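Pasting a structure below so you can have a look.
All chains are identified by letter, namely A, B, C and D, in their written order; residue positions are counted from 1 within each chain.
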Amino acid sequence: MTETTRLEAFSDGVLAVAITLLVLDLHDPGVHLPHGLARALLDQWPAYATYAVSFLTIGVIWVNHHDVFDRIAAVDRRLKFINLLLLMVVVVIPFSTALLSHHFRDGSNGHAAAVFYGLVAMAMGLAFTSMWVYLGRHPELLADGHDAAYARGRSVRTAVFGPAVYAVATVIGLVSAAASLILYAAVPMYFAFARSADAGPTNR
Amino acid sequence: MTETTRLEAFSDGVLAVAITLLVLDLHDPGVHLPHGLARALLDQWPAYATYAVSFLTIGVIWVNHHDVFDRIAAVDRRLKFINLLLLMVVVVIPFSTALLSHHFRDGSNGHAAAVFYGLVAMAMGLAFTSMWVYLGRHPELLADGHDAAYARGRSVRTAVFGPAVYAVATVIGLVSAAASLILYAAVPMYFAFARSADAGPTNR
Amino acid sequence: MTETTRLEAFSDGVLAVAITLLVLDLHDPGVHLPHGLARALLDQWPAYATYAVSFLTIGVIWVNHHDVFDRIAAVDRRLKFINLLLLMVVVVIPFSTALLSHHFRDGSNGHAAAVFYGLVAMAMGLAFTSMWVYLGRHPELLADGHDAAYARGRSVRTAVFGPAVYAVATVIGLVSAAASLILYAAVPMYFAFARSADAGPTNR
Amino acid sequence: MTETTRLEAFSDGVLAVAITLLVLDLHDPGVHLPHGLARALLDQWPAYATYAVSFLTIGVIWVNHHDVFDRIAAVDRRLKFINLLLLMVVVVIPFSTALLSHHFRDGSNGHAAAVFYGLVAMAMGLAFTSMWVYLGRHPELLADGHDAAYARGRSVRTAVFGPAVYAVATVIGLVSAAASLILYAAVPMYFAFARSADAGPTNR
């Protein structure tokens, strides 16, 4: 295996574990249930909503991660480190999801949880942006057909669609956890639907 | 790696983690055991039964997932999204298993847990069915030797053997958790035994 | 990838997750520690001993699993099912380890935990044995150079070194958890040291 | 796949799961928060610091593990066993991280946790050193272009930059958890930054 393939395989492994650990944020409501289990399960709908949003978010991170590495021919030690920082942030998502899930309807604590969720998502977007900025300065790492200008273009677009949108959602979280959650959900939906119109079948 | 191989490897990773997380649904009965540990371990037999059923269920999902992707030559963004929805549902199985395991003998709460388990299994079957429906509309993604008619046939059979059987088991769960669990167990056993009679050795 | 490679990759994934989940059996002693954290950490030495024994055991299962599949050229649906049963038992090991770790010094409960640990290990050995018995009856699945007689010989040796030794250790567990743990530890040590004398470097 | 590739793939899987399980050391502060969730989240900064240090540490272990196996052409049973011992120690890191995170500001218990963290890190470094010592005695396992003298040189350098530095940090942990944590953080930062100056892009 090449260094690039290995880095991708390790990153895929981490993403697969992180996305699956999200299920640990779903809790058995327990045995003392005055209104019964069915009602208790319905009552914890924020846990399902945050689970779905985070699952789709990490899913889209996986898609985007491959999209970056499809355009890379070689990796150096610093790019490995930036990739490690990206993974370090993504692995926090099951924790920020648990916080948002538990405190969602808890007034100002819900806002705090929504802001924390947004800060983690912003850090994730910044790590992706850093990767493109670094590639713009080290175009020798890019695959054939891609140059520094391409990487710089990608770094701008990544900054706008990632950290910038998440920054807005984070600020909205200061006043409404629900409104920010809708915006957090919108990002992966945009990637899944809006961008699929122009994307034909690929088997690169 | 091709996009299809990557999607399979990521899905395999998620399925391997999800099937292994099922062990977290088995709990130490604790230290205050009036009748001793041996008796306490025997008493939690529903946990072993649900563990085994869910393990076999995810195992069969893994077999079926490969069966689908063996017939796919290329993936597009929407198929990736349907696959992500399938995984999102499968990853919930350790949670629905924990619920059924804990509440199995708890009267109406046991019924609620059995229904929840069935709804998750139904959603999983529907995700598989959606995949075949989508492939029926996009036969250009299919491997050589498979056409839209084949995919439509598979979507009907998948709907009958998956969501339809699980719908029946879910309704039965309303009156008996035990009866529905037997039906949940029957699905993977059918795939393992009934269908193995006609399946010779394969090394595609 | 061939069906055989896929089955191995999935099994490797499950084994890698199961071996790593063993760390969840190590617990922070908490904050109310009359004799301090250092003493509390030393006091839970059975947790480290069972962790090490189970880690080596799953490690040897991984080595043996590859050893079996190196001799297989094709898989059929029933062999997949036997493999799934093997994994189902191995994934229970972090649970039987937790039980043994928590109840080790708890008199008759410690014996019960040691017996449970042994029964799981026996079931694992029986699954390996079943695999060889099945291959003895379906030699068409074996790789070139291996025949039914070879598989039958392996099934006998596997039964003796696996389930038989674990059966003895299980019976010993009825009277002493410590003595059975030493025997559980001896199995992977035998595979690692005694059998390494005659094994030259391999890169098949 | 060759034996070497398989061992690497399994090790990568274990490392990917272990690095992701670190998120389980981050806990929801709960619902009874006199000063609110935001303050409670800020108060548990040692958890974030230890998470980051351990994440980078396991990340560097992954890089170094590949570096070793890039220089190996074949594996024998004993090298597999040494590798298993290395993984056994690395998988403990989420536990030693949890201890350090929970007891960091708890006086002498914090020192005990820092020492425990250091002992685990030292054992990890010793496992890497053992691997090179063993390769120095079995140069037939090394890839072309590497001989016994090379392996002996690596074993000395590994001992100095790994166990020796961690031994110093462990002793410092006896008097200050914070000072030892800074040193634990310095090791992966050194590998990421100091050593990246001379490392060009690689795609071996």
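Just so it is clear, a contact is a pair of C-beta atoms (placed from the backbone, for glycine too) under 8 Å apart; a residue touches a chain by one contact, two chains touch by 3 or more.
What you see is a predicted model, and the numbers here were worked out from it, not measured in a lab.
A.B. asks: When every step has to jump to a touching chain, what is the lowest number of steps that links chain B to chain D?
C.D. replies: The fewest touching-chain steps linking chain B to chain D number 2.
A.B. asks: If you check the contacts of chain A and chain C, which chains show up for both?
C.D. replies: The common neighbours are B, D.
A.B. asks: Which angle of rotation, from 0 to 180°, maps the CA atoms of chain B onto the equivalent atoms of chain C, to the nearest 5?
C.D. replies: 90
A.B. asks: Look at both sides of the chain A and chain D contact and report whether the same residue positions are involved, with over half shared, or different ones.
C.D. replies: Different-residue interface.
A.B. asks: What whole-number Å value describes the gap between the mean CA coordinates of chain C and chain D?
C.D. replies: 26
A.B. asks: Going by the contact rule already set, what residues in chain D reach two or more other chains?
C.D. replies: Residues 9, 13, 16-17, 21, 24.
A.B. asks: Using the touch rule from the top of the page, what pairs of chains touch, sorted by label?
C.D. replies: A-B, A-D, B-C, C-D
A.B. asks: Within their complex, state which residues of chain D touch chain C.
C.D. replies: Interface residues on the chain D side: 1-4, 6, 9-10, 13-14, 16-18, 21, 24, 73-78, 80-81, 84, 87-88, 91-92, 94-95, 98-99, 102-103, 106, 108-109, 112-113, 115-116, 138, 140-141.
A.B. asks: Sort out for me which residues of chain D touch chain A in the complex.
C.D. replies: Residue positions touching the partner: 5, 9, 12-13, 15-17, 19-24, 26, 28, 31, 33, 36-38, 41, 51-52, 55-56, 59, 62-63, 66, 192-193, 195-196, 199-204.
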